[in-house]
Amino acid sequence: MNPIIPLLILCLPLLGFLVLGLLGHKMSHKAAGWYGVLSMGTTMVLAYITAATYFFSNDAAFITEAGNRLQHIIFNQDWLQFTDSLIIRLGFLLDPISALLIVVITTISFCVHLYSLGYMEGEKGFQRYYAFLQLFSFSMLGLVVATNIFQMYIFWELVGASSYLLIGFYYTRPSAVSASKKAFIVTRFADLGFLIGILILSYVTGTFDFTDFTSVQDGSSYAVALNTPMGILARFQGATFMGCSLLTWALVLIFMGGMGKSAMLPLHIWLPDAMEGPTPVSALIHAATMVVAGVYLVARLFPLYLMEEAALMFITVVGAITAFYAAVVACTQIDIKRVLAFSTISQIAFMMVSLGVARPEFHESLGYMASMFHLFTHAMFKALLFLGAGALIHAVHSNDYTAMGGLRKYMPITHITFLIGCLAIAGIPPFSGFFSKDEILSACYQQSWIWGAWMSMVAGLTAFYMFRLYYLIFWWDEPDYGHHKPHDGPWVMSLPLVFLAAVSCVAGFIPFGTLVSWNGVPYHIHIDWMGVALPSIIIAVAAIALATVMYRKKNSLPEKFAKASCGLWTAAHNRFYWDEIYLFITHKIIFNGICRPIAWFDRHIIDGSMNGLAWLAQRLSITIRPLQSGSVQAYVYIYLFGALLLGAITTACVLL
Amino acid sequence: MEINVLYYLLPSLVMFCCGIYGFLTRKNMIAMLISLELMLNAVDINFTVINRFIYPDGQEGMFFSLFAIAIAAAETAMAIAIIINLYRVNKNVDVRDANKLQG
Amino acid sequence: MFSNPLIYFVVIPVIMLLGLYLSRSMAHIRTVAVTGSLCLLGLSIWLLVDYLGLRAAGAEGAMLYRGDWTWFSALNIKLSVGVDGISIAMILLSSIILLTGSFASWKINPLPKEFFLWLILLSIGVFGFFISIDLFTMFMFYEVALIPMYLLIGIWGTGRKEYSAMKLTLMLMGGSAFLMLSLIGIYYNAGLDSWNILDIAQADSIPHSWQYFLFPMAFVGFGVLGAMFPFHTWSPDGHACAPTAVSMLHAGVLMKLGGYGCFRVAIYLMPFAANELAWIFLILTGISVVYGAFSACVQTDLKYINAYSSVSHCGLVLFAILMLNTTAMTGAIMQMLSHGLMTALFFALIGMIYGRTHTRDIREMGGLMKIMPFLAVCYVIAGMASLGLPGLSGFVAEMTIFVGSFQETALLNRVFTIIACCSIVITAVYILRVVGKLLLGPVQNEHHLELTDATWWERTSTVTLIICVAAIGCFPNFFESLIRTTFSADIFKVIGM
Amino acid sequence: MDYSQFLAMKQEIALLAIFLIVFLYDTFMPKKVLTGLSGITTILFAAFTLAGFGLMCGHTESAFAGMYVTSPVIATIKNILNVGVLIVLIQSASWNNSETQSTRRGEFYELLLVTLFGMYLMISARHFLLFVIGLECASLPLAAMVAFDKHKYESHEAAVKYMLTAVFSSAIFMMGLSYVYLLTGSLYFDTIASSVGCLDAQPLLIVALAFVIAGVGFKLSLVPFHLWTADVYQGAPTAVTSYLSVISKGSAAFAFMVILAHCFGSVYSAVWEWMLYGLIILTITVGNLFALRQNNMKRFLAFSSISQAGYIMLGIIGNNAMGMASLMFYILVYIFSNLAAFGVIQAIENKTGKLDMSDYRNLYKSNPHLAFVMMLAMFSLAGIPPFAGFFSKFFIFTGALSGTTSVALYVLVLIALINTIISLYYYLMVVKSMFLSTEDPIIETFRSSCADRIGMWICTAGVIALGLVSYFYNSILTLCQNSGLLNAIV
């Protein structure tokens, strides 16, 4: 494949960032905005071309005769050489998941660019906003097409930084500043794990390249690097650390990076706060693209993870707990963006669990495919929900549902599209969420009924809180909107909503299995209607019904419910006090318990000892001052004493 | 009783020590000068005796004594002059008063 | 003698000194300073290009542009010059920072002439140090670079400048006391009657028992300048009180003398002891890295924050050098470059902000992004470079160090590598803390609203540095290969690298 | 007696000739031309100094049955001293031409020349009789010079202290000599050297040596024999102080080296290496500690010179040619650096009478050139490159460690090096008060006299050039390596 198009996919957003960043203040808002939209639009088209070429061209580089998809490196440029074998390269790896992701990213990004034209209209720093969006898109694209783990890390960091910049876009608002800081530092902490994981992995294998880790060997399955899967294992054998093999450590630490970006418990705390950013940003970064980077990372290294049962187990457990936790919290939040944020956490946890339960022996790792499928559908409907929320916020100038209610009359487009989003996420057929979630659930059931039941329950909660949100916004009780009745946004805002809603309606019918599977072997999805699908539909409908009862009309049921829950509701409302715990750890323990003592130690002990030396010299100088008493006889006395002592000591030393 | 060299050297050492003692304890500078003379003379005795009793071949010790006597005289003269100078200012020759410079 | 290009790195500053002596007005002084630094920069760029050309043409030898002129024939002390990739990188760094420093002190007051005289004298020391390969001349230049600091801080500084200047000078001289003894010891115990680094390294003839004695002294001697824990306390006070250009030059270049010296003298000449005793200093430098970062977290003075961050970053340099492998050392040199540029940028910006707000206390400022967007954006970029954002220089340097360090299998190395890695998180904490308090948020002080953004000379200074930081960050392979030319030389096979 | 032996003493005789000319001029010329005395003396002495350089390429000669020796090395050290004296003469010119000095002008020069003659004898002596004569000749007139400021009480007190301690010290010294004589039967250095070798380290020898070291250490002001130094330096007229601090000390250092290395060379490692070891540490440290809190510039430099003496001793403790050369070089550099400082002090004292460090505040603003020279002097004394002091310090350390594998010596050098930090502190204090202070200067702007400026120019040139121009050290080292003295040492 001609490398120009992939290269352009990366370069256009970068160029956009540089142009808007350096020259943006000379441009008008309109020019800057449209430049950004066009740049992203072009990128999107190019990404579609690339993906289409990969999936449908039947080129031998991409697909074997037997129809197995291959990994293909389009270009790979040396960037930094560490040792002879450890080289960071910047390149473009095309395989099913990267092709999928570039489509997702460019689509959502384009929608957000377009949407922002309306949403951000007249904001100060409009050009800056677009520059950051472009930077983010560049970084995210670079991340997904990484040919080696270090390239991924590089873009991983860039993604974090651009997320920081975008969350803190309203930089005069202290809450935005602290949210952006929190997001950066929490993900940085996770990245530390990622980095150490990379160090361990690369030290043992002597390579960064994904293709070395996970290459197609015989057309039927991915094999692990360095000739045989056992080869790498052998290198890890014997080397254990604290009871776990090095491979486990490496994989768990790498997953830690994913936990940070994907907001898994306990590193999830930054995501709800990140909603301080402009809402389109939340849609782009904190719902559809960046937060799934963790899932993508695990998927990317999936063949490696397969070798370590413990690591996969860890992923599953973390994912399952997070999914439940986030769903419960989402039921109690007031801020609509926070509800969506927790819902995002929960949905990503779904993907993680799905990856965690995937095994080649169960249906050719159905979980892997399901996870990617859900990633795709979730990106679409979650972006839709966020953009819808953005339209609402744009209309009522508040984030809280208490300021909304009965909006279905005023904002019909938003209402319909939002409803579609809610149906999709709740898993009601024929919307896309149903299909992907169904695959995840069946993957869970294949592993163990415990996971299946657990995740079904979470799915039910999902349906409940989404419809709670839906009713509270669009039904419930109508507050006094004053003279300016809320209304739908301009077309640039509505168009993306409609488009994404349309996608959410039909995406479920994509034969996803033939495109994406863990080893490139195509595979046909079939829905287990009786075993999995029907029960889950029933659960979802029941949950929706419950939500309808509780929230459709203004009533006191929710309040009574909250009171009856013996504090559970308050705890959930306060997100189970995770933030307070973190605040305690960072402020009380790290800041006051480590940093301050160290600073004190430095000033008083280390520096004090240096000053002490000076003081000592001065002190000594004063102490010996009486020697110079001014009296000749004292001088001579010392002279004589000195001479005799000199003789005596030397004699003693020589003779003894 | 044979007169051993030690019979000379020990008294001269005693004399030397007396000189030192006097130098350290007298408050009058003239008295201190006298003590110094005592010390220098002890040295002279030493040289002469050593030459006479132990190394009778050469004359080095004797000559040294001669020169030392001359030097001692010069030193005394010099010292007296300076002490008189100080006396003009201080109106006494107490060494305890000569301690303005210190520290 | 004058046919050797390296000599001009000393000759040009000397001519600048003369020019300054004859200057009669501020304009003259600026002309001399800027022209001279431009000449130096041009020369170093030419040197870089020519050096790479020579290497590409297959030039052998550990050092190129060798020149030897006997000085004290009796002791065989020579004025020996020569450069390899590392020295060239350092020379380039120094000339960039000298130039930007000159711009940053455009309006220095009072006594501008004297200020530049001392600054240039300092640069003579720096350049001389980097081109020398004779222990004596190297040490001489090293000390030449130290002493102007006293006056530069003492006269043109702020705050407790007299105390800080004295502390800095005495501590650094304390280091050089150890160093001098070590150098004399090396000379005698190598038994070659030569002060030439290459000869001594090639012969590797210092008895092992002596290496145990001399290596720590040399390392501590240079380590003091490299702000190694626990000898770093001159750094916060010194930097905090120094005038802008001096902070830039000192943190940017002078502290690199420490790292460079540790590498070029301590480890290069005494590989045995380096292997045996590295663990002690690994612990100390490892502590430096984290300790400096933690300390930076609670400081409220901008310069203190940056000084502690320098302790952390320079600790990483020494840390990497002690890993004794090519990758980590390459990383160390890159980190020197990177830290030099970025910390100079930091100090330049802090100086500019301080010049406007007359405070460096972050509690008294806020929302500067709104008031002086240019400086604020530059500050954010510097911060991002410092916390290791890819695309800027900090990332490549740190990653090279971490990857290199991780290749060492000893448990201690491993543990401290991981501890050092933690610094990337702590760095993020204190950088973002400053950025958040200083630049973002609402405007704290109403009076600040009237302040102006950067002037053209300030822009020149900062933009130059940012371009350099970004250049290293985006095209690291170029610098990496430049540095690698050094390690390909025979001499390192002696060390066993 | 062969009177031609006197020809070996060319420098001494020429010096005496100058002395005679000055004396006669001073005695017989009419009053009104006496003001020219300083000029005449300086010019004569300059010519003498220049002529002295011719002797450096001569060869070893001895006279009076080996009591007196001269050689290129000895001529060199004498020339070094001559240069110092010349600078002192130039710097003291304006003081000497002042009204208060009008009646005593001649005496100053005469006494000074006589002390210099004594120092020559000390340096050239190879017999203790001649050495003692030289020693006394060098110290007695100095007492008179210290007492020169007739109207100042301090001057007299200083003279009394100097006199009494000097005589006491020479008594001790001669007592020590008498025991050396007792043990060896001779006062010739050569004979002593050969007999001491067979003596082993007897207690009596050690005590005798301790007394001898005390006696010479007094002149060098080694701790604990140094206590007179500060008081005398402070009390004496500044011209005399500068003379005392460099010339007297320089000659004593060389003589000390000859005695230790030549006479007692065979008990080097057994006895005096360790004595000196302790003395050096004490001298450097105590001198530094006292200097820390001085305010009077002369007193401050007195303590600084004490600690410098300790550094000079490092050249002896190595007991080798390089140490010897380094010692001579150190003296040379020390002369220039210290005289630069004294030149400034003297210029300021003559104009304003100010002597305190606190009076020097912001001197750079009122008298930039003086402040600059003072700063160079301080940097050089502290051993900061590229000034000469750095080189002399470096070489003295190199000399001390040359050819040794003794860790103890390394430790000694380390202690000395650490002490340089303390010394740097107080030297910088002077710089601080001159440059860093922002208050108004106390000393007003003035134009120093022509002679002062010449003196300072010479010193500045020396401070800058002596180190950077390798010729000086190289030639001294070459001379030392070829000298006969060294053969006796090694």
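The first chain written gets the first letter, and so on, giving A, B, C and D; residue counts start at 1 in each chain.
By our rule, contacts are C-beta pairs under 8 Å (C-beta built on N, C-alpha and C of every residue); 3 or more make two chains touch, one makes a residue touch a chain.
Because the structure is a prediction, the values reported are computed rather than measured.
Once CA atoms are averaged chain by chain and compared with the all-protein CA average, the nearest chain turns out to be C. With C-D and A-B as the two chain pairs, more C-beta contacts join C-D. The distance from the centre of chain C to the centre of chain D, with each centre set as the mean of the Cα atoms, comes to 42 Å. Inter-chain centre distance (chain A to chain B, centres taken as mean C-alpha positions): 96 Å. Here the spacing of chain A and chain D, counted between their Cα centres, is 77 Å. The geometric centre of chain B is 27 Å away from that of chain D, both derived from CA atoms.
Shared interface positions of chain C, i.e. residues touching 2 or more other chains, are given as 170.
Across the assembly, chain A contributes 614, 625, 628, 630, 632, 636, 640 as residues in contact with two or more other chains. Of all residues in chain D, those that touch two or more other chains are 160-161, 164, 168, 172, 230-231, 425.
Pairwise chain contacts in this structure: A-B, A-C, A-D, B-D, C-D.
On the side of chain A, the complex with chain D involves touching residues 614, 617-618, 620-622, 624-625, 627-628, 630, 632, 634-636, 638-644, 646-647, 649-651, 653-655. Chain contact summary for the complex, chain C toward chain A: residues 167, 170-171, 229-230, 232-234, 236-237, 291, 294-295, 297-299, 326-327, 367, 369-370, 384, 387-391, 395-396, 399-400, 402-404, 406-407, 417-418, 421-422, 424-425, 428-429, 432-433, 436, 439-443, 476-477, 480-481, 484. In the complex of the two chains, the chain D residues touching chain B come out as 128-129, 132-133, 136, 140, 143-144, 147, 150, 153-154, 156-161, 163-164, 166-168, 170-172, 174-175, 177-179, 181-182, 185-187, 230-231, 234-235, 299. Residues 71-75, 77, 136, 140-141, 143-144, 147, 150-151, 154-155, 161-162, 165-166, 169-170, 173-174, 177-178, 180-181, 184-185, 187-188, 213 of chain C touch chain D in their complex. By the touch criterion stated above, chain A contacts chain C in their complex at residues 78-83, 86, 88, 150, 154-155, 157-158, 161, 164, 168, 171-174, 177-178, 180-181, 184-185, 188-189, 191-192, 195-196, 199-200, 202-203, 591, 594-596, 598-599, 602, 606-607, 609-611, 614.
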